[in-house]
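Two complexes follow with subunit A in common, the first pairing it with subunit B and the second with subunit C.
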Partner chain A sequence: MSGEYIEDSAVDVSHTHEEKSSAFQKLVIVFNKVKHRLPSRDYWKPLFWSLGSIILALLVSAIMMTVMGYDAIMAFDYLIRGALDQPDRVLQYATPLILTGLSVALAFRCGLFNIGPEGQLLIGSMAAAILGYVVALPFLVHPLVCIGVAALAGGLWGFLPGLLRAYRGAHEVVTTMMLSYVAINFTQYLAGGPLKEQGEYAWISQTTRILDTSELAKIFGPYLHWGFAVAIVCVIGIDFLLKRTVLGYEMKAVGLNEEAAEYAGINSKRSMALALGISGALAGIGGAGEILGTHHRFLDGWSGGLGWDGITVAVLGNNSPWGVLGAAIFFGALRAGGNRMHQFAHVPIEIVGLIQGLVVIFVAAPRIIDWLGRQTIDSASWIKREPREGLPGIAVLVFNLFGLFLGIGISASLFATNPILGVMFSMVGIVSGLVSYRILSRQETALSLSIIPAIAWVDAMVLDILIGEAMFFNMGMVMVIVGLILSVVLWMMQALTVQPDGGEV
Partner chain B sequence: MTLRIEEGEVHGLLGENGAGKSTLMNILYGLLSKDSGRIVIKGEEADLQSPQDAIVRGVGMVHQHFKLIPTLTVTENVILGLESTLKRLGAISRRASGLIKPFIRTDYKSAEEKIRRISEENGLIVDPQAKVADLSVGLQQRVEIIKTLYRDADILILDEPTSVLTPHEVDELFETLEAFRDSGKTIILITHKLREPMALCDRISVLRDGSLVGTVNRQDTSPEELAELMVGRPVVFRIEKAPASIGEAVLSVRELKVADSRGLTRVRGVSFEVHAGEIFGIAGVEGNGQTELVEAISGLRRPLGGHIFLSGQDIAGQNARSVREAGVSHIPEDRQKRGLVLGYNVRENMVLGKHHTDRFTSGPRGLLIDGDSILETSEKLVDDFSIKVGSLKGQVSTLSGGNQQKLIVARELAFGPKLVIAAQPTRGLDVGATEYIHNVLVTMRDAGGALLLVTADLDEVWSLADRIGVIFDGQLVAIKTPEETSMQELGLLMAGHGVDQSSQGVSN
Partner chain C sequence: MQDIQTLVALTGWLLKATLMMSTPLVLAALGGLFSEKTGIVNIGLEGMMLIGAFSAVAATYFTDNPWLGVLAAVIAGGMLASIHAIVCVKYKGNQIVSGAGIILFAGGFTTLMLEVVWGVKGVSDSVTRLPNVVIEPISDIPILGVALGAQSPLVYIMLILVVVSWFVIYKTPFGLRIQAAGEDPSALDAAGVSVSSVRMIGVVLSGCLSGLGGAYLAISYASEFGKMMTVGRGFIALAALIFGNWTPFGCLIAGALFGFLDGLQFAISILPEFSFMLEYVNFIKMIPYVLVIVALAGIRKSVPPKAIGTPYEKEARG
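Take a look at the complex of A and B:
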């Protein structure tokens, strides 16, 4: 076409066109490469599960807080702001969790359960604490030597169960856990006995303060020390070990299928012992970082279960190094924010533990998340298929779930002052809950039941006026009116859809 | 699909793996529920929610993997779920409700009598008091059949009943089934072997990809036609094989003795040689020491005594890696347990066992994995061996059985082995994949490779091997070429009948 105008331009056009297409082809190639590099859908599933679990856990703990009579919204407000305000605190809390989590995750990827990072962490931290004040070394070298020896000590604490498992068949769950108690009691004995600091504070079980040369400097803020950088290096290192090295390939193969690994000529015994050894070393480094960066001495009971929490972190992080990093930072944020929440919203700090526990329960039971996901898809297709019935159906569901939350919440705050009204409101909540369960499980009669919660709200209002001084009158009236409107709309919709059927019969 | 099965016939259900045979029958037995359609049993529409519903309607099923509890006796296994209480307790036992019933003694005696009667009437002799764990596989299958008869089944479904039996036991089973047919029972035989329905069935239905391709009368068909229906294209049965050009001995096994994990000697002084350019077949019923023999040669199990020479070098007692490095490849008998790491993807499995060699590593002292080289090799092998994979990054567990086995074969043959040990290389594979793997193995042999083929499949060893050693109870009872022996003789040797006993058997 363009050739008919000017020859030159035609050449030009075709020329640019060629260039364009080659550029376009390049783009396609790059795109394909990126697409090739991107992980598959299955890869994202654990992330989806973990995030879903966190959301669910927060929801459930909000309900619990409300039931216990705390202001959940205010609590979360302080929790989130507490975490965002002090990133150094969050990362400092996260540092040991990254390493203990990595320890559990690495062992798990190699088919082993390391239940004993607590002991490995303590042994490592004790080694670092001793080396920190016994030996005099220059700056920079001193902390590195301390960390190295701590890794060796922790590694030994993991290597031993590894050897027992590989060559004697003793299950590592038992041996790592038992050795953990050995470490806990041994370090306790050292801190309170032979290595106890004498002098002014002799009544505290703690070792002498480490030398200044061995201290880890702060990165920024008053809390965050260079141990965090060490932890990040470990994350990268373990990720590299698992993905790119022959050793990682072999260790993972042993974990996935020991018989096939042996068939392939892999020394599975050596792999197992080594995996637990490295796993222990990671926990040991975690301990050393805390001593050199935060506590500056071994104080009896300083850990407070960082090792055990490592198991939780690994579960939430789906046993992948980067997942562990994310999970540890999340838990660090929970702790930093939890302190703020405790201070200002007066919610007990144990709520943080509750959230952690709930997260693990939901991660360990991915079917709950799957079920909810399916329900959402189901509901969406319900609305698409039968918008006349589906839309009000979803509205009724939302109404009832809100009613459940509200009823239980009000009743909890009333039990102390007005138990009769408290029981009434909890009944309302339970009725709403039952109706929403029936809608969720797609029972045909469920929608016609939608009038019942509305009636329940009316009853509660009457009772509220009679003996409760109309404390919740406004909110209750809203619920009554919305409930009635919904059930009338629903009834009309059903009448509209049923009639033609009746006519045919 | 619509499938009609007449009363009193033996109906063969033939199809490749994954064609839907077992699914269909599991629906009929109430183990799976149907999406749509109808099942009519004896003119009555049946809504089968559980096996109980099927059993009530007289349907009995013998599964490929027996559903027996090894530590219980035959009687206990047979009456499991149907325990009747002692009659002399009379009214109590009759009125006993669910709560106290478990505490009333079970009436073993009459159950035992009934089992004895059933087994005598049907020629299924078995001791009702024997423990199932002590019975041979053939006898265990009898217990499964008795179980269905005890529940008054007159429609019998048998899922791949012959896959675990010796040739002799197969003959016995077929006699029993013929007797059943004569007594008016209906039998459905699920199989992917062609010989069986041709020997036994009245009509044969062929399934492919979940739909019925056709139902034929046995008289009107041939194995070739059935195979074509199954695979969807003509199948060459006889493997085209040039005469072997035998070279020097690659593997030489001398007086090898091997014990299993429990310490029982399973290989008791075996000697043989495998030459370059030949396929040496070891035929035997499973459990006669083949597994231990293969594991000893491939370095997975330390032998008790004897020598294994590979090109003159004694490799007995060396570990699996040195044996591999010496040039031994191994196609293991259990591909999912030994041959593959199911949690790994196709690429990672493609270099399993070779992952540490210079070719696939980089960096200082070969500590790092060379992903590009692995990818390149995987792409080439997937192409060369026409392995059907969704993606090289896909989990190997998503591959079909045939493609999993092809992957292993590709991996074991690709890197120039001196000796290939192929243990049960086509077990559980369909006709197409079997044909392919046979051809690859023969190509390997023609190129001068030495092959040790260990198999329980008589047809396979017969058509592939240049020399056949028969293993029984840990000893090689005979080494013969296919020319100087017959299938029948091999079958008898495999079952432990010596040459003199076999001649007796023939005269009987």
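Take a look at the complex of A and C:
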């Protein structure tokens, strides 16, 4: 009896002991569980690529702006503030982009490249604009009917290339693009011909204004309409379709490997045609939302390339529904902030298009971002391994990159008045750039190379005094002195460290 | 008698317009041909034309020599194409995405530079045009004289380039390499030729030719640069390339057909004889696109290069 009691109590004690100490352990277990649940490193890679592309694109566009003679820092300041100040504008711009982006993304998941969302969007918006003023329906029902019919019309515009691809092998990149132009011309004809609004504004190619019942109300602010909610519903819907339904599973299987999917008993033709059909419907909904919520009539050329931007959004969002949402909001912010930047920093709005193009080019080749990422990691480990060379390396790099910007910037501002001096300063910039490239490729001998940009600055100063107005004298002197000090100190350091090694060898 | 004279005059005029409008299309299509024959899809032709047009006008504006403008256009087109080549060949990126990026970039860049150089939003200042070449002996022949007697030098260059491209692609070792890079790159690799460099050259050539097409639009057909002045001609060139079944003479014929439709629109907008069609001009614009869809859907089997669109990995053997 007593033995049992002792045993029991022992068990009890150990049990309670475990429970008490496990407060921390539990936390560790929970943490491990969460960590286990979190997707692996590969899952985050696309996000890393997208963010890297954005940063790289912004950097390159900043350099280009500086070269063109704009104040890049002020421009980005207004861009960011403009985007943060007006969230309703950002989301309004993002709404059609979410839908056209989803359209491209869904097709892509099925291995198809739909580059014709522009046409699908226009056809859908035309359908919505016609239904908006031709039929009379009660509130709430009217916009929904318009959106539904727009989805059908856009869907048809996507389904046709889908069928052609599935059953005739006509490549969808070509057919969707060609159908886009057919749609552009067709809607232009309708808006300028049979459906043109007569009367006071007959000189504008536009249809009659839609009825009040079919308008989408505003959510908040003067711009954001309920089309945004529709877009969010579509994001959730497509996410559900891809993750939880047989149809979505089949589409993804066809996208990964068409032949294998066929062997597994999937009707790949049906999947492809349906994927492009749904893809077109999404773009059509995007067009309808803009007509019912923002423009209230079909105005010739209203879209301004929203469909093409959908490709950009899908690419940046890595073709996942939530990624598309994020990318669309980013581009919406870029556009809203771009307007502000144009207004106050007087930088042309086209810089936004330039940034978009650069983002897409960089996203197209994730290996560029990977290479840069590896380069950064290598540099970091270099600094850790050999701090005596690594840390000065950073200093030299910063000095030379600054010299690069300064040289190019000064040269850009001088080119109009004094081309010779402009060339001289751009040479200084290029020399600094070359030295920083040497440092980036971790050439230890490059450390003392700062003497070259320093000499280049001296030359430029002399030329500036001789034929210019010595405007940049102070700045140039600072650069010369810093460059000289850096190179001398580093040369001495290297000489001190290398000698004993050489003695040993 | 009167009717016949009008008819002859109109035919000559339409032929001339066809040649004029098809020149940029054929040049860009030839560009696309060089890229796609090596196995790299290039939907960025539009962007390369645009940057060529801009560079041509800018260089002519600063130097007052249109031939330097042409040179600048070729170089600028080649440079933009080399970005595409680096992304697609060296970093093995997605070719269609990169092409779309090229178009966006070129659109933004040229409009931006329009504002930087001339300080305007829509259209640049006028510059010197390329002088027309007058061929005396044939200028008196009724129809041919009107069509070919006095044209832009780039029109004749285009016709010559078609023949040269045909010769280069089908009759020279380099052309065989281009074809091999697009049909079976691993065979080319096995023969000891670098697939990457052949593809790089192909893509850069495509940029040069598209830039030339853009230069024609900017300083020969027009005499200024306008925002987005190519208005989809790069895409039509792509259509001509497909419709012409990836051959130089196919490109010429398809380009001429689409150029004729373009010229017809021009005729409709200025000649009273055609004005009854003014209302349906949008439908005439649609014809090239519809034709390509119909062609792809089944009238004729078009045969793209086999390895098109796939980056070449040395390790991956099929």
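The rule is simple: the second predicted complex is superposed on the first by the 463 of 505 C-alpha atoms of A that agree within 3 Å, B and C clash if a C-alpha of one lies under 4 Å from a C-alpha of the other, contacts with A are read in each partner's own complex, and residues count from 1 in each chain.
As a working rule, contacts are C-beta pairs under 8 Å (C-beta built on N, C-alpha and C of every residue); 3 or more make two chains touch, one makes a residue touch a chain.
Being a predicted model, the structure only gives us computed values, none of them experimental.
Engineer: Mind working out whether A:Leu372 is in touch with subunit B, subunit C, both or neither, as first, second, both or neither?
Structural biologist: Touch partners of A:Leu372: none, neither subunit B nor subunit C.
Engineer: If you stack the two complexes on chain A, which partner ends up touching A:Val363: first (subunit B), second (subunit C), both, or neither?
Structural biologist: So A:Val363 only meets subunit C here.
Engineer: I want to verify the contact counts: of subunit B and subunit C, which reaches more residues of subunit A?
Structural biologist: Greater contact footprint in residues on subunit A: C.
Engineer: Let me test your reading of the model: by the given contact rule, A:Ile351 touches which partner, first (subunit B), second (subunit C), both or neither?
Structural biologist: second
Engineer: Share the list of subunit A residues that count as touching for subunit B in one structure and for subunit C in the other.
Structural biologist: In the superposed arrangement, which is not itself an observed complex, subunit A uses no residue for both subunit B and subunit C.
Engineer: Under the stated contact criterion, what part of subunit B meets subunit A in this complex?
Structural biologist: 298-300, 319-325, 330, 332, 337-344, 348, 352-353, 355-356, 361, 366-369, 371, 391, 393-395
Engineer: Within their complex, state which residues of subunit A touch subunit C.
Structural biologist: 64, 68-69, 113, 115, 164, 168, 170-171, 173-175, 177-179, 181-182, 185-186, 188-189, 192-193, 308, 311-312, 315, 348, 350-368, 371
Engineer: Which positions of subunit A touch subunit B when the two form their complex?
Structural biologist: Residues 40, 42, 244-250, 252-253, 256-257, 259-267.
Engineer: Show me the residue ranges of subunit C that touch subunit A in the complex, using the header's touch definition.
Structural biologist: 41, 43, 83, 86-88, 91-98, 100-109, 111-113, 115-116, 232, 235, 238-239, 242, 279-280, 282-283, 285-286, 289-290, 292-293, 296-298, 304
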